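Just so it is clear, A, B, C and D label the chains in written order, and each chain counts residues from 1 on its own.
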């Protein structure tokens, strides 16, 4: 079913749903034999709940997890709204994977700097998981992650426990303002990045978050002398087909759904800034 | 309505959607019920705060999804709980009724009636009368969405 | 060898072909000519040069259901909806076929191919009709299209005084003409069937324009060109090379269908994201997108401007903000 | 007439150039020629050079008031050339508080009606080369011989029905007003449809609407369609589906027309721009006719102070349904 028609989804079952923050939930879904398709970190999938429709989400789990796919989803629209209401056991439609994914091969042997904000951790988490699973391929790993408030930090067990315990890696957390139960760093992600003064030598920075955060992170990295080729981000656009045909996610002649969503800053500088 | 009831071959029964104003007509319907007056089960009542709340899109949506007739029932002019809602709806719904007829809907399929909270008998009579007229006309196909399939009865009873 | 179908036998041919499967041909309704399904009583118009809306909907229908779903409890059942009918597309003009070739590149040649489109393309036998005289809006010559020749067609047809001269160009075309054989006669006189059709060129010179535009995304020309645009979707819907679509569900929580339908980059909600952000928030960005796609992005990928000079946007745009105006504003004019 | 029109163009240019070049207005909305002699398109003039392209001829059909909603966001004061219908459209926008009167200067153009290229070619053939206008007649120049026709018979359908060729609101009237007209056949098409049976009417509309492409040109061009969010794009509830089903066609066209009850200025722009020739004015005029019959004569856009009929009521109003 659905092999011939790229728009045709297959069904997967919701294994469970966890509430991450007041507006983010993580869904774990699986087909009869675990993950419905192979994918690489940074790729996306189209989830559908009829009659509400389809929407594209980045895959949050790491490819080495074969049992299920994870999606951390923020409630912003109709489809994300109905996904939040699903209960475990319920089936939904899925098709994918879409997009290019992160350049995991080019990143080999490099130190990595992951910069995430809010729900922007979703695609990064897949990549972080991949790098930890292939730990010997990569150098030192720094993770800078922030959110509006402590309550808005997603994947708390990973950012708080799993990742800091990994060898040769550091996790830096920050929130936008002072909170009574927060003893960590306070401040916006971009300024924290500047403060931490990462050096660009042999390092690749990967950032994902709200557009305004990305904008200032890119500026901060530029000031730290990161070459545009070594700064990587992912874009979000409205998509309908996922296969470069329906016509809405293009930046010039490049389609975010198939040529992206991952771009280096060098690539983005060459494209119309329509995102 | 179940698919079976809507199928002419197996004994078609009309489906009538009645938008009833909370303060008069819905109470009139209640009174008809508590006074044990009989009115046909074909009528599905939707309570609205005022006949002035009726957006013509409600009426079209009802026809799209299988209504054979639509009734809007409100307080008598002058008796509106919000003082002038039904004066406005009289103008609006008159214009809308005419345009519905202009594109080919039979006049009997869309009606407006003023029914007060004390007129339980009138409520029952109007429902009876409308059901009779629609039965005579037969099922409505106009403006109905051919893709719409009735939901199963079990789901509706939930 | 060309075969002649006498005028008086046309209706017989329509009836015969329609019996085989859906037969689309130019049908006149008042002032409008559209490619519609043939049925008894429709007014076929083979004289019309360009239909009001392009015949692209034969291959990319305005609306196409491809999935039915049903949901019982937790279970979701998704079922492919397939249609396998042999289609006949009759009297398509060379420019429209050239446009189909342009859509083919996106929908067939680019991985993954679009299954729905592919099936329709494969199932369709195309009879092209050579133009005899151009419409005042035609400017296909600007793009090097020969209005009397459609290499991609299965059968090539020519209007003559007596009727239609038909010539097979492919195996599919041969089958079609074999079916029609009883109605056809061998035509001895084959001269004078193609005339030299000269379309106007508005003084356009499009060579080099795509390359030139690559640097002009932020050109001030865009600050004014869009102003008269009303923000309707006429240009994209009548255009033979526009192919954007939307996907939508119809039904309720128990069952229904999913279909795709035409959409237009001229609409504000086309790129509107769920969270409210819109990368193309105003008519300026949308007008730029439409013309840049035709004149720069598409050629960047496929080497050819995505316009065939059919003139439909010149005819139908309520404010004459058509592709010729855009090309002129962008400097695509002959010098001197 | 060709000369007269050109003369008129000169006069229009003169009138507006003082204001534009003198800085009284930042932008002038007028018309310029399109690619063809039968097309005039909107001109957004800011300079003397722009003004050179200005024309006022028999093809200036586009309603320029429609652009005010957007252009007033960027310009302090705008001058607009208005025909009779454009001026009523302006009143409509005033009434909905879309525009501020003091930020607009209206140059009134009494309008003899705009010519319809489709009618011209119907009479003169598709190879029509041009026209010459002479008081009330049009000479069609064809390859063979010229044909003379009464101008009235070559107008756009909407102009043949126009009762108010003179702008009802203006700051400066540029030419001698033409006076109101009687249009006894104004509701003729509506009355003919009314005489059909319900089923015949339904078949008629189902067929006419089936051509609808949902390009929304009728909405975009309309001076009463100024909602920031149209019901068509509303997401929850989702009223308008995107399918081309009869039910969806009726939803769009009935609601679109109905939203114009007591607000439609009868300008016919929707019908003019419809690329597939849907007789939209028959729906709009039906509503105008019924409102007139039920609640007294009203013409939208004539007087912005007069309350639109659906915004008011009288306790003794009649109804189109039984009130027993």
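The criterion applied here is as follows: a contact is a pair of C-beta atoms (placed from the backbone, for glycine too) under 8 Å apart; a residue touches a chain by one contact, two chains touch by 3 or more.
If you're wondering where the values come from, they're calculated on a predicted model, not measured in any experiment.
Comparing each chain's Cα centroid with the centroid of every protein Cα atom identifies chain C as the most central. Here B-D and B-C were compared by C-beta pairs in contact; the pair with more is B-D.
Here the spacing of chain B and chain D, counted between their Cα centres, is 37 Å.
Between the CA-based centres of chain B and chain C the separation comes to 45 Å, rounded to the whole angstrom. Centroids built from CA atoms put chain D at 51 Å from chain A. Those residues of chain B in touch with two or more other chains are numbered 145, 147.
Within chain D, contacts with two or more other chains are made by residues 243, 245. Among the residues of chain A, those in touch with two or more other chains are 78. Interface of chain C with chain D (complex): residues 29-32, 34, 52-53, 62-63, 135-136, 202, 224, 227-228, 230-234, 236-238, 246, 248, 250, 259, 261-264, 267-269, 283, 314, 316, 318-322, 324-325. Interface residues of chain B, counted against chain D in their complex, comprise 56-57, 60-61, 63-64, 77-78, 84, 87-88, 90-107, 111-114, 142-147. By the touch criterion given at the top, residues 190, 193-194, 198-206, 231, 239, 243, 245-248, 250-251, 254-255, 257-258, 261, 283, 286-287, 290-291, 294-295, 309-310, 313-315, 317-323 of chain D touch chain B in their complex. Listed in rising order, the residues of chain B touching chain C in the complex are 145, 147-149, 151-152, 155.
Contacts from chain D toward chain C in the complex involve residues 34-36, 39, 41-42, 44, 62, 66-67, 70-71, 118, 126, 211, 213-217, 219-221, 233, 241-245, 269, 272-273, 275-277.
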